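What follows is a pair of complexes built around chain A, which joins chain B in one and chain C in the other.
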Partner chain A sequence: MTAGESLKNRIRRILIDSLELKLKENEIRDSTNFDDLFGLDSIAVVEFVIALEKEFEITIESERLTSSSLKNLDGLSAYIEKVIVIKNRDK
Partner chain B sequence: MPSGMRLRWTNAGGNMNSSPLFATKDLLLLFYLFPFRILAEMLPAKILRRIGSLMVHLYGALAVGKQRDIEERLRLAFKDTVEGKEIEKLAKQYILNAGLKDVDDMILNRLTREELLQCSQMIGLENLERALSFGKGVVLVSGHFFANRVGKRFLSEIGFPVLSVRKSSSRHPALGRLATKHLKSRYVNFVNEVVRDYVFIEDKDCTLKILARLRGNGLVDIHVDGHSSYHLMEYPFLGRKRSFPSGFLRIVYLSGAAVVPMLCIGDSGSFTIFFEEMVQFIKTSDQETFVSKNLPRIVEKLEYQVWEHADQWELWGIKL
Partner chain C sequence: MIGRLFDRIVCENPEQIAIIDGEKRMTYQQLYLQQQKFVRYLTDELKIRKNERIAVLLPNCIEFIVGFFATAKVGAVFVPLNTSLTQRELQYYVEKCGITAVIANSHRDCQSIDISGKTLEDRVVTVDKLTGAEQPESDSFYQTKDLDNLQVTGADTECLFLSTSGSTGRPKIVPRTHANLIAGANNVAAALAISKEDRFLSVVPFYHANGFSNCMFLPMMSGAAVVLMREFSARKMLRMMREENVTILFGSPFIFSIMTEIAGEGYGLSSMRTCFSSGAPMPDELRRTFFRKFGVKVRQLYGSSETGTVSIQLGDVPEDEGAVGRPLKTVDAKIVSGDGKELPACEMGEILIKSPAMTKGYIDEPGLNKTAFHNGYFRTGDLGMLDAHGSLHIAGRKDRVINAGGVKVDPVEIEKVLLSFHKVKEAIVVGIKNRRGMQIIKAVLVAQPDCKLSEVIGYCRGRLAEYKIPRIVDFRDEMPRDLMGKVVPR
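Moving on, here comes the complex of A and B:
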């Protein structure tokens, strides 16, 4: 498993836990639209963001706090990976 | 066991087909959006306020049916604790205040910082500043009081911009179908221009925008008596059970933002903004208990504000 896949699996787990989804990890594909999972409950999005930040010890920038930035696993994992790299570089 | 219950998303909308094709209020809205608005662009704000005030008094004298409705709602809420004459007085004043709010909407974009400063009074600003000192943003909890827009515009002018959380289009039960179809969207656009800094609850990014504002140590205003929300809980309020949104408190739980009750009363000619002390929350280990323990305390504060300033509370105008 590559580092990228491992990151995606961690995000899948957070998504399932924070939204209390009755899904298995492999049922969330890289291109699955998160909007379909959040449904009408917009508080769930905030719960997901906070859980991500806690898990990866990062802060998601305010300008990235949009549903289009949190659209799917592909985009989100690329962003988180980038933030982690910057964080480690600045240490 | 909390008395509240978690409900599905509700929208206080109604069946439009039950409205008449044309209603008296349609004419008033037509007049407001066109001749009065044109007049507003030509005349100085002070003169317009005087003309508006005269018209509002005239309307107040004619709106007998409306006054009776308001009196009835006040009587139901206050039971025997408020005398009949006082109820009548409150209802009359309510109708005048409602009209003055519409006049204020028309002139608000033209009032300067200095003009607003001359008419303002702030009580408890230190409470807001203390809440901001924690650096996690502040949720201002308020009710639908007539002077909210004036108060928030003033706060913005003095360096405290407030993000208002609103419903994209409220139902106007007194409007006919024609006005609903042709005038309502114009009115909504007009109000959007007046409010300026807002997010709609229907916006799928609503909670993320709130979170972003709080993270910038900003201010977000929530009307606790609004009841369009995915998360609603029921509590006693003014003598009956009523649903209250709890989503904002869930964001508070998750973000660590402070909560300050705010009250704006008066009109653009003279208004007062009150900031109460920061709400000291009962700490709990989970979100659901946090909401069920703390929301009733905020609802109680709102109920007290309504009791104290009944003629300033906008929602007497709708069936509770």
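Moving on, here comes the complex of A and C:
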């Protein structure tokens, strides 16, 4: 598996686990919008962000998750990859 | 009445900071001038008359506060609404409440609302009409000669409509008068010894009863300061609490749980003197962990849109998730059985409340008011008891209402929407506990074989606010039923 695919799978697992969704991982495709699968209210956003921050040891602005570019795994994994690179560069 | 009281607060504390919004600081004097500007706009431009109903679609912001005190001054009714409501849901409130004007960030927030047949542009007030600092006219800034013609609004005039959910399929509108709000604020201010040195972090949305009453109205009526948070961000919240020396926090178990999760051991909040949790039971373990990390006790608060704050846990905090303290000074609580008999201490029944902060009845619901309000008491629908010391304990709800992170959600309303989707044959909606002990919304459906999850969610999204859309959708071949054939939600 490439690093990008591994990242997406981690995010997929975090999504299902943090929001306690009763979905299988293969039901969340890379391009599936999160809000096609469940109500993405402010509480869900906070839960998901906290879990992502813990997993990747980064800081994510909650508002970013509601922007259209981060509404699925493709967009979110690209964003997290960038944040990780910046964090590692600034160490 | 509120107008005059607010005028007095301003005269006594003109230089006191009233609102902190990021880098911006606003004194009571400046807030007053903004209010006066908006009062003129309401009366001269919009021709708002007494008792007219003004809907408000704003986050926690300066304009919300200005809008409320200006509306109260002209004797109109302020109707704050959840900013995530769909246009269909907004239209329901417009018609139910008889809305004649809307305050919003932009016209786009309410573009398809039909307001009394008038054109939208005439009746939507965007926030730029409420903002714009004005310098005081030397020492006479508090003189409002041109506004003295405004009649003093009577104590029993309605000034606020709140929305609340039950399990009837449609939200109810709760009117509160000037006297109700002032009585409620006085009760809490006395219980907590609120002073103008206090700083409240306003993270609970102002359109919620608790957010409005305890995070906005109470500090403003006490000469204290409000530190605004437009949206919940746990890290930002912790930073603001330290930077702005917040002394009081009203929150929910979810908020305290997230704070506990992201803060390190011994984080400490030296300025904080007290925290209150409401909306749902606070797990004992969470309360202990919060105290260990922050050195502050979280006290349970109990109340409702209909009654205002009923009780607050003061003094020693017992290890009982359902304990919510003794009723406040002018509040009377009793417990009744199913057939209406008052029960003695330590016996479980329905909680009834009587309070000067209480509404007299829902708007336009005569049948419901007959059952919900009886002999001056309000039937809360909460089950509980009074212990031997007079403290209330909450055991649960009589009805099916879901408590989703402190927000009441009507499962019947969601079921109606689901059943209106042509691919869904049967639907039942329940709240299930997540690992934080809070409820999330689950829909159990019997649907056509080709019905997809994305179709169901997409259908709901066009008709329900985001917080009402199910987190989990469970497709079944048939509904779970008990031996009598009754659907058993699980």
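Everything that follows uses one rule, which is that the second predicted complex is superposed on the first by the 80 of 91 C-alpha atoms of A that agree within 3 Å, B and C clash if a C-alpha of one lies under 4 Å from a C-alpha of the other, contacts with A are read in each partner's own complex, and residues count from 1 in each chain.
Criterion: a contact is a pair of C-beta atoms (placed from the backbone, for glycine too) under 8 Å apart; a residue touches a chain by one contact, two chains touch by 3 or more.
Note that the structure is predicted; figures quoted are calculated from it, not measured.
Visitor: More residues of chain A are touched by which chain, chain B or chain C?
Guide: When the residues of chain A touched by each partner are counted, C comes out ahead.
Visitor: Just to be sure I read the superposition right, which of the two partners does A:V46 touch: chain B = first, chain C = second, or both, or neither?
Guide: Touch status of A:V46: both partners.
Visitor: For A:D35 in the superposed arrangement: first (chain B), second (chain C), both or neither?
Guide: both
Visitor: With the two structures laid over each other on chain A, which partner does A:L19 touch: chain B (first), chain C (second), both, or neither?
Guide: In the superposition, A:L19 contacts chain C only.
Visitor: Would you sort A:D90 into first (chain B), second (chain C), both or neither based on which partner it touches?
Guide: Neither chain B nor chain C is touched by A:D90.
Visitor: Can A:E57 be said to touch chain B (first), chain C (second), both, or neither?
Guide: Once the two structures are laid over each other on A, A:E57 reaches no partner at all.
Visitor: Across the two complexes, find the residues of chain A that touch chain B and also touch chain C.
Guide: 35, 40-43, 46, 50, 62-63
Visitor: Which part of chain A faces chain B closely enough to touch in the complex?
Guide: Interface residues on chain A, with respect to chain B: 35, 40-43, 45-47, 49-50, 62-63, 65-67, 70.
Visitor: Going by the contact rule set out above, which residues of chain A touch chain C in the complex?
Guide: Touch list, chain A to chain C: 19-22, 27, 32, 35-44, 46, 50, 53, 59, 61-63.
Visitor: Touching residues of chain B toward chain A in the complex: what are they?
Guide: 9, 204-209, 211-212, 215-216, 230-231, 247, 250-251, 254-255
Visitor: Where on chain C does chain A make contact in their complex?
Guide: It is residues 84, 231-235, 254, 258, 261-262, 404-405, 434-435, 440-441, 453-454, 457-458, 460-461, 466-474 of chain C that touch chain A.
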